[in-house]
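Each structure below appears as structure tokens.
Look at the two complexes coming up: subunit A is in both, with subunit B in one and subunit C in the other.
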Partner chain A sequence: MLTFIARRCLVMVPTLFAISVVAFLIIQLPPGDYLTTMVTRLEAEGQQVDEAMLAGLRDRYGLGRPVHEQYLAWMSGIVHGDFGQSFEYGTSVSSLIADRLPLSIVLTVSTLLATWLIAFPIGLYSAVRQYSPGDYLATTIGFLGLAVPNFLIALGLMYVMHTVFGYSVGGLFSPEYRDAPWSLAKVGDLAAHLWIPIVVLGTAGTAGLIRILRANVLDEVRKPYVVAARARGVPERRLVFKYPLRVALNPFISTVGWVLPALLSGEVIVASVLNLPTTGPLLLGALRSQDMYLAGSIILIVSVLTVVGTLLSDVLLARLDPRVRLGHR
Partner chain B sequence: MSAASAVGDGPLLEIDGLKTQFFTREGTVRAVDGVSLSVPRGATVCVVGESGCGKSVTARSVLGLVDEPGRIVGGRIRWRPAGGDEVDLATLEPTSERMRRIRGGEISMVFQEPMASLSPMHTVGSQLVEAIRLHLPLGRAEARDRAVELLRRVGIPRPEARMEAYSFQLSGGMCQRVMIAIALACDPALLIADEPTTALDVTTQARIIDLLRDLQARSGMSVLFITHDLGVVAEIADEVVVMYLGTVVERGGVDEIFHDPKHPYTRALIGSVPRMGRGSRQRLTTIRGTVPHPSDRPAGCAFHPRCDVAVAGVCDRTDPPDAVVGPARTARCVLYDPVAVSASPPADGSGVTP
Partner chain C sequence: MDANLSRRQLLRAGGALALVAAVPACSSSGSGAGGPTPASATNGPEAPSLKALVDAGQLPPVADRLPANPLVVEPVDRIGPYGGTWRNGMVGAQPFRLDYSVAYENLVRWNRDWTEIIPNVAESFEASADVTQFTFVLREGLKWSDGQPFTADDIVFAYDDLVNNPDVMPEGLGMFRSGDAMATLEKVDDRTVRFTFAAPYALFLDAIANQPHNVLTRLPKHYLQQYHLALNPDADAAAQANDFSGWAEALQHAIGGEALWADVNLPRLHAWVPTTPISEASQMTFERNPFYWKVDPEGSQLPYLDGIEFGIVQDEQVLLLNTVQGEIDMIERVVTTTANKPVLAADRETGGYDFFDLIPDKINTCTILLNQNCKDEVKRAVFQNRDFRIGLSHAINRQEIIDAVFARQGEPWQPAALPDSPVYDEEFGRQYTEYDVDLARQHLDAAGLSETDGDGRRLGPDGSPIGIRILAPSDQKPELTDAMQLIKTHWAEVGVELSIQSEASEHRYEILDANDQEAHVWDGDGGLNPVTTPQYFMPSGGADNAFGVLWDRWYVSDGTDPAGLEPPVHVVEQRELYDQLRVEPDADRRVELMRQVLAISREQFHLIGVSTPLTGYGVVKNTFHNMLGETYFAANFPYPGVANPEQFFIQG
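Up next is the complex of A and B:
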């Protein structure tokens, strides 16, 4: 088991290197750089651009240097914990991300937990009572949740909450707490706001997981080992939990790895609609203004999370499934 | 082998007119259509027939293990355990506590695919201990000791070490031995073996058959053995039940069936077994045609389109009667029905006994 983890960690090094190169190349892909974007904006506003100032800025940020030098400068900074400067905000990328990442994580983890808590019993019920009215109901709601885009649910929910209950649902905090230091009351305020993005972000995930679990359990319940267990007198309820469910869990566990980064970057549009102070809108803004170090760093962090998440789910899978652990089939 | 312990009246298991049907979208499939057979105490009864003749569904019906959309729609399955009340398993709710206690406790089952019949996520030992503790009031340690002892009894080397093995680490033969150990865990009165050797290679088959015969002789349990292999039948059976398309076509003792088969299908089956030494250049006798799908069974006798002695106007019109052709012997054929025979003499009357 330890050698398995060690081997996987070693493999991660070249993967991460490749990811950093790709992340850097992606943010370099659009023509121009932050300064050209800035110039266009200033000229559109009718302002004069001072060529000398531009040259100074270009020199200071090293934008005129060859790409590989820029990459090396960026990487050597990251190794020392410095993700570079954000052009747009004028502060360090680390502090910007540090500001928003914790809330992103809170939102992600609570959405994941809510998704599992809802999807698990419903999916299991749908499989065990296949073609029952409850199954049809869950299936209908599931497909609706899958088909309706998240941002539309967000808009609909905002509209209903506002017109019917006169309740503003934007953001994660009420105005009076937004800049207040952390306190119990602020946590309570966060919880009161958090459920809306959880509902919005969770619907599609919940629907998908219900379908996956239902299909997996249905695949397993007719396998000979389940019939054999029934034939030796295992009570029905215990049978389902002990045998088919154990095997049906595998795809759940192997997807935990990519649920993390997907939630972190996938909520961009919803977070913009709901005005959430998370990393998603930050990434979107950075990409639009070619704020390259900010955008590159967020992409890099999300990618690292993917790799780490995959490792985590592999380790979990090996723990739970002897076939993976003992290297068979 | 057929030493019957004289407890209770009548055979241990008596299936009478069992009908199990599958209600599919394409129509009703009558997989088992009025099967009657009985398993005496301490005896081995073999059910033989081609694939799809309903022998496995019959076996599964006994333990209420027929999958949706299948259902037992008629008949009785009388179970008479020693020192217990008679139960009709055909009407017993499959999820009831009584049925749960019978499964594995009084009647055990061994399946066709030993590898797939063991959960890949649990050790062999945990599944064996589970079977023991479901029916016997034993603690964890006692159950474990019993499990190791069972593995030793079914001939598994180093049983202590094997307790921690997973099914995919064992060979097919070893897995089947484990399945047999699980089946024997609570000393059942009846063991149903549903083609237990079909998925194994020939040498392993022989060992598993020997093991089953040996265990049967020592424990005195009854065995209902489902197979399509006549060689296996000759080796272990006391009584033979021949099935064709969901019905029993002939019943009798093993010697009678092999030396004096009555039903044309049984004769054809035995005739198609390859024999050593005799006419090696001859073509192997086969039964012409194929088994029809149970959803489109021929009218009258289901075997008549493939039968060499079928009587036109009789076999394709009327259901053949279950004629008694000797003590504990029946054959489902008009050849043995005095009324039908006198009405229209068969083209080939050589097999007819008055």
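Up next is the complex of A and C:
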């Protein structure tokens, strides 16, 4: 197992290097740079831009230099733990991400937990009681949740809350708590706001999980080992939990690693619509305004987390499923 | 001008009337039991929150905080009570919104009518007769927001140590350059500084007043010297401790103005100081500056409002929703688009807000700029033919465009100065706007394009059909593309083929930068104040105003730039007139020179327009007072800062 992990870690090095190059190239691809974005904004206000000022900025940001030099400067900073400056916010990239990361983690983890808590029992139920009224109900709702885009649910929810209840949805805190220090009341306020993004983000995920679990369990319960176990008198409930369910869990374990990148870039559109102070909208804004180091760093971190997450998943899978472990040998 | 009173003059007269009317209203305020009573009599010299701090010994008394000669600000409507928070909002980080709203505290500023430059941070100012020397006297006892004195040394530091220091700003700043050299600065005494230019610079004061935040009054020496290597040997370490790569970058960050909103500790002269940086995810808040140096006519220290709250949302529609719900007290940009107006108008009652008018400094709704220096030489020759441009202008059915695209507002108009402008010229605006297809055909024939092919398309000198590819923005000002779609059919009628190339801003500016466009469309600035905004009336450098950039290159390099193109006599004449204007000390004479520049523009008719620009609007809550009912929306008139936000108040 240890050699397996070590080998995987070694392979990660060239992968990460390739990712960093691609991430940097991606943000260089669109025409123009941050300064053109800035000029565009100023010109839209009718402002004439001071050419000397612009030349100074180009120099300071190193935008006039060849791409490989810019890349090297960026990478050497990252090796020292410095992701560079965000042009737009005028502060370091790390502090911008650090500000938004805790709430992103809270949101992603609580959404994931809610999704699992709802999806597992329902998925199992609709597999074991296939074609029962409950199964049909769960399936119908599940398909609806899968088919309707999340941001549309968010918009619909906002509209209904505004017109029917006169209540404005959006953000994670009421105005009076936004800048308040952490307290029990603030946590309560967060909880009162958090359910909306959880519902919006959770619907599609829940629906998808239900379908996958149902299909997996259905596949398993028809296999001869289940019949054999049942023939030996293993109680039905214990039977389902002990064998088919455990096998059916494999797809979840192999995707659990994807939670890591989702912490940072999950649900950009929904977070924008619902006005959540998380990292997703930060990435979107940075890409739009060609805020090079901010966008590049987020993409790079997300990529690294994806690679690490995949490794974690593989390790977990190998731990949980002897077939994977033994097959590997 | 004599027969019809200009709108500006009217405004000025109206302002004077309002002032007169305000005086009795203030003096009788105490007894008003009916409506909302101005709390003037009970205001006292300072805000209650500051009074508490003084009583607790945490703040010096108000008399010590104010300068000896504080600036007295006349309220727009009436004197207000202390308190309240101005709720505003931005989409993502929009530092320019803060610049315009909070930071307009330069040495000198425009008055609210945009007719005169008046003292602000400077108590008085003086220009020498030949406009090469400018002297500014600062207010005695003026203090930064941290209580440290603001003296001539701060200006010397800002200019000599930062702006004019090649180690920090390799190219200096264009606004301090005249006669191809940077100005020199002299400290006369602790309160007096003098700029001296190598060549006369008549528009220096305008250049300061035009900026949303000028560098001279926002770079505190006592705070920024920690980053200056000549003043602090450990400057690099200090800069690196704050996430900068080195000392020069930290200072550039401050000079560029980014530091204003990123560094809450930076002392400033503004009415409100930020308590959170702009990098905050959900909102940016401001609180009152206890050392603010302006008072109302009764001597109460401004601002009236306790603070500002800029909500940071991630989507424009969210901000629109907030505005409709009445959660925004006053907003001047972003949501106030033509497309949003019906939405906002519908909820005025329930949201408890109303509109104010913005007169834009635009020359037109839709200005077509045929590239006079087009890279295709056949087309260049055609575009340079005045008859060709006149023919195209007569071929446009302007009323149809006004009805279909501009909600029936405005009238046919060429890109020219507007009636509110001192250089208004009705003939310029109205020439060739008549819709007359026959006349258009005559002019196009006269331009030597009488031959047509089987499809009725006019043939150019090289025997191929004349087609114009026009560059239009795809990500902003959608009405331009709508108008061009109609003009496409109008021009097809007279045998000129138009194709529209829609590009997002970044790529659009690359094309314009490289002079690769045949023609492009924009609205254009300078309708009210061409004297300081001349770039659409004569070929000059720039992007959106580009129609003869190679001529400009030739002119500014004295013909030495190989990429330049020798301009015709009339262009040289225009540029020389404007060069005279730049050094002309007398304002009336400047206007006269601008008239001469414009007379050439009228004669040459380079740009084709559609109609007079539409009036813009802003949204203000009914409980939010002292905002101007009508003001200007212009690059050189930093709105809403010019409306004196420090005298805004909330009541009712």
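Keep in mind that, in the parts below, the second predicted complex is superposed on the first by the 321 of 329 C-alpha atoms of A that agree within 3 Å, B and C clash if a C-alpha of one lies under 4 Å from a C-alpha of the other, contacts with A are read in each partner's own complex, and residues count from 1 in each chain.
To be clear about the criterion, contacts are C-beta pairs under 8 Å (C-beta built on N, C-alpha and C of every residue); 3 or more make two chains touch, one makes a residue touch a chain.
What you are looking at is a predicted structure, and each value in this text was computed from that prediction instead of being measured.
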| item | value |
| --- | --- |
| Simultaneous placement of subunit C and subunit B on subunit A, clash or fit | fit |
| First (subunit B), second (subunit C), both or neither touched by A:G171 | second |
| Touching partner for A:R230 - first (subunit B), second (subunit C), both, neither | first |
| Partner chain(s) touched by A:H193 [first = subunit B, second = subunit C, both, neither] | neither |
| Per-residue touch tally on subunit A - higher for subunit B or for subunit C | C |
| Touching partner for A:R246 - first (subunit B), second (subunit C), both, neither | first |
| Touched partner set for A:R214, first subunit B, second subunit C, both or neither | neither |
| First, second, both or neither for A:V273, with subunit B first and subunit C second | second |
| After the two structures are overlaid on chain A, angle v-u-w for subunit B, subunit A, subunit C in degrees (C-alpha centres, nearest 10) | 160 |
| Lowest C-alpha to C-alpha distance for subunit C against subunit B (Å) | 47 |
| Sites on subunit C touched by subunit A in the complex | 92-93, 95-96, 169-175, 177, 243-245, 249, 252-253, 256, 258-259, 261-262, 275-283, 285, 309, 313-315, 317-318, 321-322, 325, 327, 361-362, 476, 505-507, 509-510, 525, 533, 535, 541-544, 634-636 |
| Touching residues on subunit B, where the partner in the complex is subunit A | 63, 65, 67, 95, 100-105, 108-109, 111-113, 116-122, 127, 130-131, 134-135, 166, 168-169, 179, 182-183, 185 |
| List of subunit A residues in touch with subunit C within their complex | 30-32, 36-37, 39-48, 50-53, 55-57, 59-60, 82, 85-86, 88-92, 95-96, 99-100, 103, 158, 162, 168, 170-173, 175, 178-179, 271-273, 275-278, 281-282, 284-285, 289-290 |
| Complex contact set, residues of subunit A against subunit B | 222-225, 227-236, 242-243, 246-247, 320-323, 326, 328-329 |
